[in-house]
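After this come two complexes, each holding subunit A, first together with subunit B and then together with subunit C.
Right, the complex of A and B next:
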């Protein structure tokens, strides 16, 4: 039954992809893909709910196998939850044309490949799907930006970094297959060198794909280049597949890892969370800002994963299961609100023609539906109650809070640092999204003209964002059932008080519970009561207070102004660059130009020197490549002589 | 539900809603006395609220629904926070749980609403205050969660009732751990209540405002809500300080009886720090709070190293 639904869904996605190929049926094709993804999603969550796996289990042998279990189901469900609205959105967002027909077809292939990675049950299929998953977004970006030099450069960066990092994935998966450990945990001896090598390789390889710092540089470049619905799929689903792979390898197949690796994971998570959100604050373009927030949220997810690993190595299995569930819950939640925000950004782009934050404004009035949905997403990503981001960040904080209680001095302190990092991350995200909401949705309208005022986008696009906003609210008010099912995914006998999270809210041992529904109810009731009590008696509208000046557009604040206190405080770390040119004539000020940017320290200090060295090194190698036949023959003879000499003296052979 | 639970619940609701304005009133009153002025009466905040309640609100040109909703949302978040923070270890459940980390979320919601209203009015002074408030909040939240972690390590839970019970008596205070957590929380309390050296609640100069900035455009009942919310913030933070980070007795009645005295002492301490300390440069505030975070980390280290 579930299997049939899953197959029907996959079939519908494939058929939709084919339909996209012909002129005139692109919209129908995309809607069919959306319906198929919805089917995949329902089937995935169904598998998670029932816990009944489909198909064969994992094997280390190189024979193709596919199947679905609870963990795959969670991610398939997330895929459906994100892809269905995103594709409905795409059916109106993508303008008719040859390039977009191709994009429509490629999304179908992309979805099928993502599903293939999740369903793969052997190393070969997994690695095939993994590579295809990396290549397809590159193709989509190139098709969508045909002939664009900048896009080509971005795609090159993306492919280079994900492939260099991707080596880690190959090493980890092939070593696991070689040891026969795929699907049979406990084969690898805990604390052995092999285990450490596989774990680090997986963290590098899959971490690159997930976008953890300092391997993230491709992400803020590539995600904003894709069309909005594809960005939603990349941020919402693709980087989550890397989380899936990390959970498989680190939590399931490698057994109990040593404490130092858990602490390393915590450090990587904390760096990504803090770094991602800090750089996001200083962005001027909405989609790039959202892409950097993906790094932040991956950091939060990795923090939960690190807490799980440390707790497990300290023998606190029940708490480790909760930490894993917190991490996975945030994965689902992030997929939902990040897709919502990317789709909202796409709608704003369609309506106003720009994504420059300082050129948007007042859109809540012009686009009330999309604006309200975007507001919900922004509040969710900022971790505000009673929305879903709050629930999962709360659970992750609780998981980290338990580290000092069960760990030694080192990992306990690491836990405390991670705790402070996560709390500050939440506050930074609040700052960032207060800025985004203010610049995009509130204040005076800054885009459009009197002849062409900004108006609400087409109903299917509104519907797509509304569905995702509703998901944010529902997951925020009743996270309990999903959290309970995710707790059961832990591959060890959790030994937890099983009913502890069976309620609607969250209730972990050692915490005051989080009755999310109660908090939501109290907040809504109080707001309603206070609004009624306030009444409607109001004086005549007055201009805002500017010390008696006439309030004009030149007094409007910019994003740079709002983030200035933080920039000044973090100046030592961020090293912002700014140029101010003042042109005055006869003592009278004529013109002031300001240009400021906050360069990414990792880009400037790590990657740029690395690239320069590599190019220099390539220069030396090029000298050997003279192009004349004689030289190459000489190389061949030299190599043969050296080899013969080596054999003669017994070095080889 | 026995008598002490009922009394604790009643005191929590009545105190949080009706007595909260007394706390900033007392601070202002004592501060004036310390500075050799007669100053306002402690019930001045009530008079202000009565005056504002009778006035009409003002709509700023070009604002929308978020501007109108913000005061209610801020007051509602603080109302939920009043329900969340119990007075004693055996307080009744009031539907929002008792988790101390959930409190951080509610305070964040109030901050977001204030910043959103500032953006909606597009008032430069409001935005200046909001941007500073959110910048300071980055460091406040980190330090706050660390000080909670210290208390949670001692008490073994983040349930506030458990925290109050676990830090009661003399045994928990034998070592330096809770005292270090208390020092960190003191800085958080000063920042959250908008007191010097973080913010100057008496300022009338828009350029120096932090918490007062987003209030600039409001009048009437809207402003009354915002004033009450600030008072409730005093209540929540000081009750938390009194029942977790200051030594307190174990029994429910004793905790309830001692609370007014402790709250009075804490208000007096706030009056004293306001008198003795000048407002710090805004860019130095993060250092102050980071120092608090380090003290809390020291507390956690002491605990992990086995010093009680």
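Right, the complex of A and C next:
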């Protein structure tokens, strides 16, 4: 039954993709893809809930085979949960035209490839799916921005970084296959050099795809370039597939890893979480800001994974299972609220024609449904109770709190730093989304005109965001069933504290339970009480005093103004750049223009010098390229002779 | 294979290296292929060996016809001189053949003469391709190398047909692509001279 549902879902996605190729049936094709995705999602969560496994198990042999188990089911479920509303949204978001027909068809292929990676049960299928998963978004971006130089440059950066980093994935998977360890944990000796090499290679390769710092540079460039529903799929699902691969390799196939690797993972997670949110605060473009928040949330997920690895290496299996579940719960939650936010951004772009924060405003009044859904997503990503972001961040925090209890001073220090990073990240995320909500949803309207007023988008687009907002609420109020099932995914007998006995809330080891539904009820009661207390009184707006000037739009809050206090505090680290031009005439000030940016330190200090040196080196190498065919043949002869000489003298072989 | 025949093939190879006229070089390379085909027919012990011989004849004559057609369509106004003078090319080919002989003591063939002949033909082909400017000569260098491989294949009874058919397909592809490029170069620059391509380098 589950298998039939999964196959039907995949078939519907494929059929939807074919329909998108025909003029006049693009919408139908996208809706069919959405229905298929929903089927895939239901089948995935069904597998997770029942603990059933479909198809054969993993093999290290290069024999293509596919199957589904609980972990694959979790990610297939997430895929369905995100893709179904995103595709319904796309059915009205994508404007008619040849390019968007192609985008619709490519989306189907992208979904099938994502499902293939999750269902792959051998190294060959896994690596094939992995490479296709990397290439397809690049094609979508190029099709959507045909002839755009900026898009080409972005795609070049994306492909370069993900392919260079992707070497790590190949090394990890092929070494695992060579050792016969795919699907056979315990084959590789714990603490061996091979185990360490595979673990580091996986963290680099899969971490690049996930967007962890400092391998993240492609993400804030590529995600905003894609059409909004594809951005939702990339941020909501694609980078989570990298998390899936990391869990498979680090938690399942490599057995118990040494403590140093767990601490390294914690450090990478902390850097990503803090770095992502810090740079997000200073962004002026909504989708780029959201993309940087993906780095932050991947950091939180990796923090949970790091806690799991350290706890497992210390023999605290039950707590390790809890940490793994926290990490996976945040993976699902981030997929949902990030997809919601990207779709919301897409709706705002359609309605206003811009995503510049300083040109948006008052959208909660003009687009009440989309605005309200976006507000839910913003609260969820900021980690506010009772939404899903709070539930998983709280569980991650609990997992980190247990690190000092099971290990020595080193573990305690690592745990303390990770806790501080997570707490700071949560605070900064709240600051960032206070800015976003304040600038975009509240305040005066700053876009549109009398002829073209900003209005609510089409009902399917509103419905898609509403469904995801509802999912944020449900996963926040009732995280227990999912969390319990995720705890059972640990590939070791955990005796888990929050296993199948989990209730509706979160069962937290050592600190009792967190009744999330109760918290929600209290919050609702408090809000209702405040509303009742207010009675019929309403806010009394008064004109702002601006030293006698007329209060115009130019005096409104800007993103730069909102984040300035933090920028001043972090000036030494961030090195912000600004340019002020003053134009005066006859001693009277006419115009002041201000341009400010916060360059990414890793871009400026690591990648830019690296690229410069590489180009210089390429210049030297280029001298070998004479343009003469004879010279190239001579090179071939020389290489062959040198290799033969090496064999003859015993250097090789 | 008879040692004398091997050295006839090698002699033809060296002769191609010294030539400057394209049609003459095509003729000698074709003669080489036909000698190989004749040996293949003479030694044939079954349908597979016959297939190998037929493949040699077909590709020898087919390539000759193709090259002559290309040459007829692209008459060079003047001779395209090689980068290195003929005698020095021969010296280079001998040096490379000796070096290969030292580097590869054995390639597993029954006849020692055939092994030396194979390596010498490969060396002649590589030197011809590396030191020529005329596109046709560069392709003929590849054909010489492949003739060397064909000679090796004839010394491996039972599997030679696979190699000969493979070589024939390879060479047809190489020749067609090279022919198209040659015509294009000729149209653009007025001569089948690969040195003219240097001007395209940015």
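Methods note: the second predicted complex is superposed on the first by the 605 of 653 C-alpha atoms of A that agree within 3 Å, B and C clash if a C-alpha of one lies under 4 Å from a C-alpha of the other, contacts with A are read in each partner's own complex, and residues count from 1 in each chain.
The rule is simple: a contact is a pair of C-beta atoms (placed from the backbone, for glycine too) under 8 Å apart; a residue touches a chain by one contact, two chains touch by 3 or more.
Since this is a predicted model, take the numbers as computed values, not measurements.
Engineer: What is the contact status of A:648 with respect to subunit B (first) and subunit C (second): first, second, both, or neither?
Structural biologist: After superposition on chain A, A:648 lies in contact with subunit C alone.
Engineer: Please indicate which partner A:513 is in contact with in the superposed arrangement: first for subunit B, second for subunit C, both, or neither.
Structural biologist: In the superposition, A:513 touches subunit B alone.
Engineer: After the superposition on A, what does A:527 contact: first (subunit B), second (subunit C), both or neither?
Structural biologist: Touch partner of A:527: subunit B, not subunit C.
Engineer: Taking the superposition on A as described, I'd like to know which of subunit B and subunit C A:53 touches: first, second, both or neither.
Structural biologist: neither
Engineer: In the three-chain superposition, say which chain, subunit B or subunit C, touches more residues of subunit A.
Structural biologist: Answer, by number of touched residues of subunit A: B.
Engineer: Would you check which partner chain A:565 touches, where first means subunit B only, second means subunit C only, and both and neither mean what they say?
Structural biologist: first
Engineer: Considering only touches as defined above, state whether A:627 meets subunit B (first), subunit C (second), both or neither.
Structural biologist: After superposing on A, A:627 lies in contact with subunit C but is clear of subunit B.
Engineer: Would you mind listing the overlap between the subunit B footprint and the subunit C footprint on subunit A?
Structural biologist: Common to the two interfaces on subunit A: nothing.
Engineer: Which residues of subunit A touch subunit B once you look at their complex with the stated criterion?
Structural biologist: 364-365, 379, 382-385, 390, 394, 397-398, 401, 404-405, 407-409, 412-413, 416-417, 419-424, 426-428, 430-431, 433-434, 437-439, 442-444, 505, 510-515, 518-519, 521-523, 526-527, 530-531, 533-535, 537-539, 541-547, 551, 555-557, 561-566, 568-569
Engineer: Can you list the subunit C residues touching subunit A in their complex?
Structural biologist: So the residues of subunit C in touch with subunit A come to 83, 96, 99-100, 102-104, 126, 129-133, 138, 141, 194-195, 197-198, 200-201.
Engineer: Mind listing the subunit A positions that touch subunit C in their complex?
Structural biologist: Those residues of subunit A that touch subunit C are 625-631, 633-634, 636-637, 641, 644-645, 647-648.
Engineer: Under the definition above, what is the set of subunit B residues touching subunit A in their complex?
Structural biologist: 56-62, 64-66, 69, 71-73, 75-77, 79-80, 83, 95-102, 104-106, 108-109, 111-112, 115-116, 118-127, 130-132, 134-135, 137-146, 148-149, 152-153, 156-162, 206, 216-217, 219-222, 225, 282-283, 286, 293, 297, 300-301, 303-305
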